[in-house]
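Okay, got some structures for you below.
Across the two complexes that follow, chain A remains constant while its partner is chain B and subsequently chain C.
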Partner chain A sequence: MASEFSIVAFCCEHSGALAAGTAFADAGIPDNVKIVSVPCSGSVQTIDILKALHSGAAGVVIFGCHDGACKHLSGNQRAKKRVAYAAGILEEIGWERERVGFSTIASVEGKVFSDLLAQMTHGLRSLAPEGSEGV
Partner chain B sequence: MDVRKTVALLSNPEHVSLSKRVLVLGGGIGGIETALNLASLGCACTLVEPGESLEARAEAMFSSHNAAKDYAGFFSTRKAALFRDFRINVLLKTRVVSVAGHIGDFRVRTDCAGKTSAQGFGAIVVATGFELDAALPDTEMPHRVISHLELEKRIRNFRQGMRSGRAGSVIPKDVCFIVADSGDDSAIRSASALKGALAVQKFWQSNVFVCCQNVGAPREEMEKLYGEARSSGVVFFKFDEERPAISIGDTVLEVTVRDSSAGPDGEWKGLIKIACDLLVVPERFVPRPDTACLRRLLRVNADASGFLQENNVWLKPGASNRKGIFFVGGCRGSLDVDDILVEARAVALEVYNLVRSDEVPLPIGIATVDAAKCALCLTCLRSCPHAAVEVDHNPETGGKAALVVGIACEACGICVAECPANAIQMGEGEHQQAATELVRLR
Partner chain C sequence: MIVAERKPIAEIMEMVGPRKKMLVVGCGACVTVCMAGGEREAEILATTLELAFRNEGKQFLWDCVERQCETEFVEPLRDKVRASAGVLSMGCGVGVQTLAAVFPESAVFPALNTHFMGRPVEQGLWAETCAGCGTCILSKTGGICPIARCSKSLLNGPCGGSVNGRCEVDPEHIECAWQLIYDRLEAWDALDLMDEIMPPKDWSTSAHGGVRRVFREDVVL
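Now for the complex of A and B:
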């Protein structure tokens, strides 16, 4: 990874991945963000989140559809719960729960997408000790 | 991703055949119109109605409710066409007892006066309609505060009395209507209030006041009704968030309404007191009592108020959370007749598009269960948002396992994520991508 640290963004292909496309065409997506397109935010397992962190990501975020806009009706609710569960696990092992996040987004919200990622990057930078790789 | 899906679709040899028979539940105008449209597209239909006749369900339609037009004649011609059409089988006094299977192969058991029969259908259209709840606020003068239906009944009785020369009951001098906005109902409520107001003025020659939040007149004929009401002397008051207060005296009802269009200035601040002999308030639209039972049988979701169809942008008019099950009209909320007719046509086309080809390819990326790993905990059955999972009995091994029905699967991967035994895998091309991306990260 060329940049200081990376964020894995699991993006629902009906909203998050399209928002990523909008953001990419608009303001661009930072290099440190890895977009992983998934069929539904509800298909991201807790183990996927932890594996991503284990693989070297400094933070993981799931982008799902807004409430009432999930194609699979309850997928976004499930994703939200799983992120909360993963945050609990992180806290138990002494990591910061801010490393994982869930956000709802629409395909047109490219700006919101970049802003949220920038915000997360900023937050993670404050967590990372000076000189470390971020984890 | 789309390119890969297309390539997979072209190379996917698996096809499933779908039955072209369609089951329509409910013999109101929505059900009749859907069946007729499907029949004209070449689909054989069975229309199931629990009542003794089709008119019973459509009764509310004939009154001033629902729309500005008069639909009784329209209904009878459509009903006649329904019974004439050789592709449509109408079953009266029949109920659905159980529903098994999935899109293309629903196995439905029906009960007609104790006689059960089973039949297969490719798709199911629910058009069971809504009900009017005329429960009114508790008052000590129940004969003075009435619902629209009750008003209609009184006017009808009065006219019959006039015709037969009998003296009618006491005619109210001042009649007040209250129409408050409540979401989508407002057009229907306004139409019935306008029709009621005009009828009262015409037959009783009373003074008529209408207190409304908004007159929802989304159609030309409703606009005309409103114009007619205004020009014939019906007085309208418009209120905002502050609801009109009703005070009940010994002999007279008093409605206090703050008219927002009168402006905030001046001594009276738009506050108007209307003394009236009769107050008419709208009924509530509620789901029919059998809706909840039907929901369980069909494994479909409902919204917070119990109407079928969840509030979700992906559910186009008529679509449910299950492939092959559709909703038309009042069962998914209060709609007026014109909307129901449009929806019935749209749903008929949608059903036809779904079942028209003899064989359809299986969707790409569907989940599959490893029967050896499945502990039959039924987590997938509960968590599948599209009810595409069922329990499969393997006659060879005698074992049972969960089975994702390919044709009903939407490839969302929720069951894959939920399965505690890791027994479910996503098909080609979906989850593998996520896995590869993660490996690349290392």
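Now for the complex of A and C:
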């Protein structure tokens, strides 16, 4: 994973990845964002989140399907719990919980997707640069 | 299985101390099943520690053996252990001591707190079921151990603190073991066992007679 990406966004291919496509159809994906399409948000493991940070990302976010819409029934709930677990680990080592996030989204919510990423970018700028390459 | 939990990261970081390169060793047995110290958790801990010590450039390698409690399984780690300034074991207390015995020249530290022998009773919840007392009485108690599961380890229960099948020590979380035993014996049509008075237990087979050992001459060549 290239360290020049300051936010790694793991996106479920049924929702987040499609929303990303809509959001950045015209302007393209921002330089500070790395989109990683996954079969289900529940397939993202805690270690994937930590490795993204280890590779230099300032923040990691997982986009999963809205409740009740997950093709794998509970993948989004697993993702949410793994993000919470990873946030706890970060807190234990003195990093901010806000470096990791989870959000549900629908494939048609391109605007919501870009707004959430902009919000996370803004939040990360206010944090100390814990090994980040900058946002 | 042996049930354990990872120690707080701060405590593990303190054990790392000035060491620049350490090996995190997971175990593929009990602690994998209770999701405390398997391959996945070993990689998570090694990565977490590298993040935590990022500015000090410390290195944390990781590996996982099938069973950390047996010499034959940890022996192949020798080269990696030699190349490290210390080992963080994600096995139970037995695993830690096996590593320390096999590699006496290396500093070996526990990354887990070992709790008890138990089983998963629901998702995310493990409970103690066996105290390893050395004299099993499960045949008389419907397969439910009063030593491990009764808060007072009563041999002849229930006590007066049993209310609606719950234990007075923590009614919300602890079932009365003797209520469970009664219900099980009733299902087995063996309630007459409840009338049997159990004599004081021989605790010399438990933790009261020094280090316990099991020896079988028949398996020695």
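Methods note: the second predicted complex is superposed on the first by the 118 of 135 C-alpha atoms of A that agree within 3 Å, B and C clash if a C-alpha of one lies under 4 Å from a C-alpha of the other, contacts with A are read in each partner's own complex, and residues count from 1 in each chain.
What we mean here is this: contacts are C-beta pairs under 8 Å (C-beta built on N, C-alpha and C of every residue); 3 or more make two chains touch, one makes a residue touch a chain.
Nothing here was measured: the structure is a model prediction, and the numbers come from that model.
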Room on chain A for both chain B and chain C (clash or fit): fit
First, second, both or neither for A:I93, with chain B first and chain C second: second
First, second, both or neither for A:K51, with chain B first and chain C second: both
Contacts of A:G75 with chain B and chain C, given as first, second, both or neither: first
Touching partner for A:F10 - first (chain B), second (chain C), both, neither: first
Most chain A residues touched (candidates chain B, chain C): B
Contacts of A:S37 with chain B and chain C, given as first, second, both or neither: first
Shortest span in Å between Cα atoms of chain B and of chain C, once chain A is used as the common reference: 5
Intersection of the chain A residues that touch chain B with those that touch chain C: 45, 51
Chain C contact footprint on chain A (complex, rising order): 45-47, 50-51, 53-54, 89-90, 92-95, 130-131
Contact footprint of chain A on chain B as seen in their complex: 1, 301, 310-314, 321, 365, 383, 385-386, 410-414, 416-418, 426, 430-431, 433-434, 437-439, 441-442
Partner chain A, residues of chain C touching it in the complex: 8-10, 13, 40, 43-44, 47-48, 50-52, 54-55
Chain A - residues contacting chain B, complex: 1, 6, 8, 10, 13, 34, 36-40, 42-45, 48, 51-52, 55-57, 68-75, 78, 82
